[in-house]
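Here come two complexes built around chain A, the first alongside chain B, the second alongside chain C.
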Partner chain A sequence: MTLLEVKNLKVEFVTVSGSVKAIDGVSFTVNRGEVVGVVGESGSGKTTLGLAILKILPLNGRIVSGEIIFDGRDLVKLSEEDMTKVRGKEISMIFQDPMTSLNPTMRIVDHVAEALIVHYRLSKEEARSKAIEALTAVGIPENRVLDYPHQLSGGMRQRVMIAISYALKPKLLIADEPTTALDVIVQDQILDLLKELRNRQKTSILFITHDLSVVADIADRVIIMYAGKIMEIGSVEQIYYSTLHPYTQGLLKSIPKIGSNSDLYTIPGNPPDMLNPPPGCRFHPRCPFAEEKCRKENPPLVEVSEGHYVACWRCVK
Partner chain B sequence: MSVILSVENLKKYFPVEQTFLDRLLGRRKEYVKAVDGVSFEIKRGETLALVGESGCGKTTTGRLVVRLLKPTGGKIVFDGIDITFTKESELRKWFRRKAQIIFQDPYASLNPKMKIGEAIEDPLLIHFGDKLSKKERKEEVLKIMSKVGLVPPEYFYDRYPHELSGGQRQRAVIARALVLRPEFIVADEPTSSLDVSIRAQILKLLQTLKEEFKLTFLFITHDLATAYYIADRIAVMYLGRIVEVGDAKKVILNPAHIYTRALFSAVPLPDPKLNRSRSKIKIRSEPPNPINIPSGCRFHPRCPYAEERCRRQNPPLIKIDEKHFTACWLYS
Partner chain C sequence: MVLILLTLVFFILRILPGDPVRVAVGPKLPPEYVKKICHELGLDKPIMVQYFDYLWSLLHGDFGKSLITRRSFANELIDRFKASVELAIASIIVAIPLGLFIGDVSAKYEGSPLAHLARLFTVATYSIPVFWLGIIFQVVFGIWLGILPITGGPPPMVKYSVRAITGFTTLDCLLNGDFIGFAECIRHLILPAVTLGVVISGIIGKVSRNALVEVMHLDYVTAAKARGLPEKIIHDKYIFRNALIPIITIIGLQLALLLGGAILTETTFDYPGLGTYLKDAVLSRDYTVVQAAVTLYAIMVAVISFIVDIIYAFLDPRIRY
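Moving on, here comes the complex of A and B:
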């Protein structure tokens, strides 16, 4: 069942050097209880996508057009007042650096309790006991709940952020590079925790990352973004084993693999300057298969097999 | 192959800053034992990867061996000469030319007010001064720029750091490190801040340059797959000590130390089926505070196989085979 449907979303930033189309016509769905990975490099628009869904874009950014249908309502048309009720309670978000989301003068238990008081109107005592429950559920020992954020490690701080989601039981969690700043062992623990959250509460997760390995571990489906557009969508199996887009293929071949002695492939060139994105297919200047048509016309995202979408002229019959 | 760098029982303790109250109460000064008894050798032409999580002391080790930091104890021998406590003025005469370091963030390593070409030329100016003419220096810089892929070099010579992409900046930093034709380079996470599609470019560039300039690398990384790709040998660090060292293939494909095995289990692989089917050694806790280091084997509080002995005695590096050593009592 579809929980979120994004239709032809366009987001633009106004900068001193001109306007940047950070997201340029993106459409996809997220089902209930599903983990969807959004993979892209810097400038791909993956972070903007998360911010746009919650309508918390920076002041110079705006949704130009498109629809964000969440649980039957179009968030684009929702008033700021109604959005406040959606944020946190129905859709919550965690970021790469949890310290920027935590108040340094507040005990961690109060972060969780405050969210419960605001969204569920619980009494202070009730909220506190529920908060302690949530914190222990995500692996924070009870004797640490009165700590301040600076007393915790990075992994523990990220657990606090997840505890807030755990307590509020949102339908969708947007996780923007939640493990990028963490060491691998702690990353593994946080990924396990997110999987548990999904299994127990059927929370859908939009997992935004640059790391194809992390996505291979946690996601059911994957969206590959490049320069504000979707290049490929598919199940993890389709993306990793029946890769179609040259960009996805290049990415997969350019990461060192443990136990493999084959040489690394390198995608030539650099990610595009978003002020002047290339015409036609955005990836064509770096694509080994680029033809005349790719330089002129942007390929549509077409379904090549069930659930597997690709935007590449080589796949258009 | 001759040994270019040998490190013996290297130590670096950083004092923890005391508050006025601490001093008033006469509290004992505490130390973070960032590197606490590390020994290894690197042979000429070899790449040794130093792998570990944040706080394990890998970066401190890298800075010590190029003497950006003064060791607390131990011995560093470079090219047969003891440089452990050598003065900077003496190091500048020869060592600074032979050993260079590349950092993770190329933007922080470049002066924003200096043109790329000038930045690369700077080491030549410092070490050769008037011995090289302006023209000779520029020729040398342009030559090295094309070697690292900043082509056309004449174009990049006049650019400022902010005009370059992350990958190009890292190329500039590599060029600056190479312009003095060093023999030994410490590369501290040189690809970690770059985009996935750029990382492979820089890794391959370093491989090519290693061949061409006959370089020796100490490659510091937290990424086991990168270490496996680039290194001949790998040393795994945990809380200031080396817990396992050996041939890259052996350490990665047949890890011995429980910590290495846990680390390997936690690394996600770019293969969904393999990821979800392999057996894992899971560690629940987080690394202890490096001020209060556990007794015995430093890993014992997190080790699922810890015994009485591990709590009391610190294991030495035990030989598993010719080219593979680990500091774990399970192998004694």
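Moving on, here comes the complex of A and C:
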């Protein structure tokens, strides 16, 4: 059962030095109750993808073409007024830096209550008590709900962000590197919390991260992105054990392994300058298998086995 | 702080060329007589002694005597100060809504013609001399249209006929139920207040635009949008509320400047405030009056920054004293 279907999405930023095609023809689906990981190095367009789905791109960004079919409607065509009803209530998003995601002049309970009042037209008292319920459900002690954001740690603040989602019961949660800014122990707690949210409310999650190892823990399927394009899509097993794309192989090799004391592997080279991306396959300048064709023609994303897609000339016979 | 300022003013005044007694009595008086006056005013003592005498009497709330009129001038000073306060409040009443409006428009519609117009207004208020603007207003409204008086300040007729309760003539008229007098006072306030208000609104507009734009791009605003909050809530509770601190700061600063007397504007409109008083005192090297006016000014700045600090703590839960 498909909840979200993104078709050939293109997003572009206008800058003084030219236009940046941050998302260049991306297609994928998210099923109901499914957790889909989006993995790629920084700058590959992951955050832009999340913002584009909610249509809250910065002023210089716009959706050039494509469709975002959510629950039967194309969000790209939806009016701004209808979008505000989708945002938060049907699709919510949590962000990378919990330290800056909350309004410093507002108590945390009011962040949750306010969203409930707006989306569910609850009275102030009802909203407050529901908000306190949600906050305690994500592990915020009741005596802290009147705190201001600066009184909480990063992990606690991320819990508040999750509590807002928890209270609004969206069908899809976009989690943009929700654990990147946190230390390891807190990371695990937040991951557990997200899994619980998925299990309890059957929320689908688009889990964005640059860390392939985190994804194995939470995701059902994984999308590998590079420079605004999808390189590979597959189940966690397919991505880990039947890896096809050289970029995915590079990412896997750069995961630190317990017990190994060899130097950490990094993919040679740097992500491309998005103002002048390389022709052909975007990964070819860093690819150990690059051939003449890779430099000229962009490989299409093809299904090589059931549910396993890859964009690489080596896999197209 | 206040002490440093007082000390600086004390010595700078004495370094400046020009002798107050000469100004007061004219050049033709016999030297013995000049000496006598100097002695009377303590000006023949060594400068350090004068300095400590000055601080000592200040501690006792004594501003001393004017070197020119050789009379106590405390009443006159307070009177002038009150007139300046009236003008300051009237100007800020014009400046705050206008400035916030300008700032809001240029932040919200960044890049649009409307925003450019707002920026143009800001630049204009920066570059147009305030007396020039004042004169334009005088010519247009006072002379061509003839609807407003070109001089400012409560008319003496009203000032001396109304029973003084607070000493603020405009307010006294209202308290006494003298609505005609009140209307007269307001009529005389409009041109100087609008002149000053327009100039200050430019500064407030610029500062609030920058503050709003900065907050607009912060993560919690994006997060609020992602939550589907209506634009009004995002603007009021997320953007404006958090941009208020720099805005309040600049308003406080401008108000302090205004209370010290807006010299150019007061001069243009011949307004009987602290600014014109200070100007006259400086021109005649009336040390004690200048010192007193500056002291008053320093106290005002201190009081206002104290109030602004209290507002900060109220606005921003991260600030506690």
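Going forward, the second predicted complex is superposed on the first by the 309 of 317 C-alpha atoms of A that agree within 3 Å, B and C clash if a C-alpha of one lies under 4 Å from a C-alpha of the other, contacts with A are read in each partner's own complex, and residues count from 1 in each chain.
In this section, a residue touches a chain if its C-beta (ideal position, glycine included) is under 8 Å from a C-beta of that chain, and two chains touch if they have at least 3 such contacts.
Keep in mind the model is a prediction, meaning the values are calculated, not measured.
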When chain B and chain C are modelled together on chain A, clash or fit: fit
A:H150 touches, of chain B and chain C: first, second, both or neither? second
Touching partner for A:R87 - first (chain B), second (chain C), both, neither: second
First, second, both or neither for A:M1, with chain B first and chain C second: neither
Touching partner for A:V16 - first (chain B), second (chain C), both, neither: neither
First, second, both or neither for A:E237, with chain B first and chain C second: first
Shortest span in Å between Cα atoms of chain B and of chain C, once chain A is used as the common reference: 7
Shared chain A contacts, counted only where both chain B and chain C touch the same residue: none
Residue ranges of chain A touching chain B (in the complex, touch as defined): 41-42, 139, 153, 155-156, 183-189, 191, 210-214, 216-217, 236-237, 240, 250-252, 254-259, 264-268, 270-271, 286
Touch list for chain A against partner chain C, complex: 51, 54, 56, 58-59, 83-89, 92-95, 97, 100-106, 114-115, 118-119, 148, 150, 161, 164, 168
Chain A contact footprint on chain B (complex, rising order): 53-54, 165-168, 195-201, 203-204, 222-226, 228-230, 252-253, 262-273, 275-276, 280, 282-284, 286-287
Touching residues (chain side chain C, partner chain A) in the complex: 110-111, 217-220, 222-230, 233, 237-238, 241-242, 315-318
